[in-house]
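Here the structure comes first, spelled out in structure tokens, and everything after it is commentary.
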Amino acid sequence: MTGYTPIEMMTVAASRSLAEGDVCFAGVGPPSEACNLARAVHAPDLVLIYESGAVRARPRNLPLSVGDGELCETALCTVSVPEMFCYWLQGGHIDIGVLSAAQIDRFGNINTTIIGDYHAPKVRLPGGGGAPEIATSCDRIHLIVRQSRRSFRKELDFRTSFGFGEGGLSRSEAGILTAGPVVLFTDLAIWKPDPASKELTVVSLHPGVTRAQMHASVDWNIKFAEQVEITEPPSDEELTVLRELHKRTKASHFPKKI
Amino acid sequence: MESKLLLGPSAMGKFCSLKAAVAEFLFDGATVAFEGFSHLIPFAAAHEAIRQNRRNLKLVRMTPDLIYDQMIGMGCANRVVFSYAGNPGIGLLNRMRDAVESGWPNRLEITEHSHAALANAYVAGASGLPFAVLRGYSGVDLPRVNSEIQEIFCPFTREKLAAVRSVNLDLAVIHAQKADQAGNVLVEGILGVQKEAVFAAERSIVTVEEIVDEFDTSVNACILPNWKIDAICVVPGGAHPSYAHTYYDRDNASYFEWNEISKDRQKFLDWMKLNVLDATPEVFLSRALKRANVE
Amino acid sequence: MESKLLLGPSAMGKFCSLKAAVAEFLFDGATVAFEGFSHLIPFAAAHEAIRQNRRNLKLVRMTPDLIYDQMIGMGCANRVVFSYAGNPGIGLLNRMRDAVESGWPNRLEITEHSHAALANAYVAGASGLPFAVLRGYSGVDLPRVNSEIQEIFCPFTREKLAAVRSVNLDLAVIHAQKADQAGNVLVEGILGVQKEAVFAAERSIVTVEEIVDEFDTSVNACILPNWKIDAICVVPGGAHPSYAHTYYDRDNASYFEWNEISKDRQKFLDWMKLNVLDATPEVFLSRALKRANVE
Amino acid sequence: MTGYTPIEMMTVAASRSLAEGDVCFAGVGPPSEACNLARAVHAPDLVLIYESGAVRARPRNLPLSVGDGELCETALCTVSVPEMFCYWLQGGHIDIGVLSAAQIDRFGNINTTIIGDYHAPKVRLPGGGGAPEIATSCDRIHLIVRQSRRSFRKELDFRTSFGFGEGGLSRSEAGILTAGPVVLFTDLAIWKPDPASKELTVVSLHPGVTRAQMHASVDWNIKFAEQVEITEPPSDEELTVLRELHKRTKASHFPKKI
């Protein structure tokens, strides 16, 4: 296949991190997209859990909301929202939470609440939704965020969900026993936390991405791993399936009127 | 005729028009939830509340969605209690933003939670408890701006956890698939927090797709008992542009359209006049059918 | 063959004999619940545990019922956590009485709750919380004799409520109607606290009436997902003399008979030798069918 | 009808206190018996809730356990046991709890836990089951207990469930907002709490019962109301239906073997 977009690269890279048998809590948007791509390409038994209560949903299209009918129709079962958050998520029965963010800092803390001051906001974002407890209750977190100076911030306007706090042992000191963000996928690179400092560190650049591009799209002084890989570009199959998924999804969002 | 017997004298008044139900049970200043998690959102009932010009409502809902964007934009609310205020998969809620950011059409207070916390707060309300406990909010900023989140310590392990005040409602409003002749209500599919909302409320109004002689469903189905329901109104399509599992699909196109309509105050007002103020609950059936199961 | 795909390598070992499951997952000294509220009580699994001579178990169950009367009488347990220790509608549990009152066959410690408290403690365990809160135990004596009940105060209203320590299990054992080829399990009818027990446990064993290709049931059915289940054993009739909704009725006569059998230590031991020690899980099908649906 | 037993009188009297539309939490044994008699005779729409989770059960026979299959099969729906205790009972959605007891004191406190010392019991009784929270969460409580010096005790060996505590304002002082035991049915009489002292007071004697019989069967100094009624004896219909119910029940407990 001749070309692909950075966003396609991001989704494909994220999808590869999800393996057969993983139980994933999938937020709407890029996370759900990566999960469903993984299911379609290499992990048909990936278990997708949606906060609406759908357990092991197998949508044919990408859901627009986490409560789309197709999730329930294709699910093993659908439980109430309190049961989902209490028994399934907080109970510790989910392997991976896949999350996106409006702002992220170097320690993987994320903001989806507000731009500006909470009490006099410049932009009122949707808020936490399921994220604050997904971030702490799932065994581990995979993040998917498009890189830009607006979103990769030295200081968050608001900390909606916990990553590694101020780094180091912040997470366990806050009483959180799960692993937190083990990997971050962007449209330019793959990042992983440094084992000790927990600062997100670039471990792989997508094909053609320069370090200058990286610095230009992040509001702090980036750390690179000693050995930075080049991300395997999307395969023909990955791209074909992803584009087909989007096509089917778009058709389902705007069905022909009777 | 067992069903006649079951109906009883008090149940008779329960089946009524949506107009009558909203007039009787939704008062200005009420704490009210119009619940439904993506699925079964009671749009017809909200539109009736807008037509009846309710004011100073304290609106509770996990996902304010278009339904509260409309009510807020029309000036019905002075507070929203919520956990995710987006147009799912599309963007922000422009009318709610305008109220929070610019005080239009009036100042709007917010009480903001995470989903886990608000779901637990509903459970606590349904269970007659004053608060809920969750393993949540660790190291994040919401507890700094919401005094209804407090710390609590396990009396056995001394572990620190979060406590949130329970949700207690004057009125719960939901949409469901079916009521039976005795006034019990069946909800199927994505269940959200509807049962919790009804159990946490003094009063409840349910709009339904239809009334049936008997529910033909599992012994463990989600059924709301007739003594917890004050009014049942038959409004086919009453969840549009949301959806009703086994009746009609979510009208995603309307959600996209809303993003444009809601961006401009006048465009919004014009749309509301045409589609809400000058409309009736009867319009919902055709709206829902227009895009039902056509894939 | 989608179901083959779903099965996966790890699920393959999950379908096994009851003997193998108990040998692998139930260890001496374990905290274990054999749950089922009147319905779906996993008698076959308990009998297997007795045959394998498990010792020093901490047995958790809302209603110890005949199943724990038998395990206690055979010396499997050193503690019972419970909320109602009767032979329902008939009388007392004679073997449990003998252990509590006279230490036969061994001393038995008890942790006693009300149903509401123990049900909440299961919920807390399933939810990853160290304790549960309830509006209960006001002005009564159990908190004086059970240190796992403490006072807790609402951080918002200052109201005094009861806190109980959560149930956390090494192993949950339940009986269910059906498993599918992928190892998911369907429970229907009276649900008890089975889902809570499985979610509150490190490991779980499920005996089922049968394995089916697909569950033909409601979207909101009570289903336990395959990744929470470590062993599935097909034991038709495995709940006898309890029952399995849509399979066979409760064998009330056996419950009456037990009252006589259990009154005398030797009579009890003779019965256990004949019906448990010298038997196998295969006997349960004929026992259940003997009295199935004959009304 | 020529004769009836004191137990039949007790059950019939209790059944009359339950009215069409009441939502009742029915314990097994005499409470369930009275509830189902009421349903069969004069209150077909009496809503029976069982702690097993069965909502609006309509059994044809008397259940032996609160979890009998017939309760679920005839119910409007069946919920999990935690949901029953949290949402339905503790949530305050039940009008009447009908309870029995092994021991009762003059303030309607009951013991179903132990005879003798808790740590060295003479008789280990079943324990509280649902009763402690039924006693405090239902709007009001109806008690059904056979009178005898062994069971009507000046001092309980153990207080399993709260009635009026030490009387007077004990109940509200314990933070309990519901009404508590508003009536007690025995095989000899009907008792109601004195409005101020809350001591159970005899308001009606069953036909033929003497005050001497009453004193002989109670371990404390009984109070009688100023005007003591004579209980209306069981009607032919009540007796016929009750006996038929027992007959059908017995047949169902010992079905013919195949």
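Per-chain residue numbering starts at 1, and chain names A, B, C and D are given in the order in which the chains are listed.
Methods note: a contact is a pair of C-beta atoms (placed from the backbone, for glycine too) under 8 Å apart; a residue touches a chain by one contact, two chains touch by 3 or more.
Here the structure is a predicted model, which means the values were calculated and not measured.
With centres defined as mean CA coordinates, chain B is found 28 Å away from chain A.
Centroids built from CA atoms put chain D at 56 Å from chain A.
Centre-to-centre, using mean CA coordinates, chain B is 38 Å away from chain C.
Of all residues in chain B, those touching 2 or more other chains are 123, 128-129, 134-135, 159, 189, 191, 195-196, 219-222, 245, listed in ascending order.
Listed for chain A are residues 72-73, 78-79, 86, 90, 137, each touching two or more other chains.
Taken as a contact graph, with one node per protein chain and an edge wherever two chains touch, the assembly fits none of the named shapes, being neither a line, a ring, a star nor a complete graph.
Each chain pair that touches appears in this list: A-B, A-C, B-C, B-D, C-D.
The touching residues of chain C, when paired with chain B in their complex, are 128-131, 133-135, 148, 150-152, 154-157, 159, 161, 163, 165, 188-189, 191, 217-222, 245. The touching residues of chain C, when paired with chain D in their complex, are 37-39, 62-63, 82-86, 88-90, 92-93, 96-97, 100-101, 112-117, 119-120, 122-123, 134-142, 145, 159-160, 189-193, 195-196, 222, 243, 245, 249-250, 252-253, 255-256, 289-292, 294-295.
Those residues of chain C that touch chain A in the shared complex are 5-6, 8, 10, 123, 126-129, 184, 195-196, 199-200, 219-223, 225, 227-228. In the complex of the two chains, the chain D residues touching chain C come out as 28-29, 51-54, 63-69, 71-73, 78-82, 84-86, 89-90, 113, 118-119, 121-133, 136-137, 158-162, 165, 170-171, 174-176, 251-258. Within the complex, the chain A residues that touch chain C are 20-21, 23, 44-45, 47, 55-56, 72-73, 75-79, 86-87, 90-93, 137.
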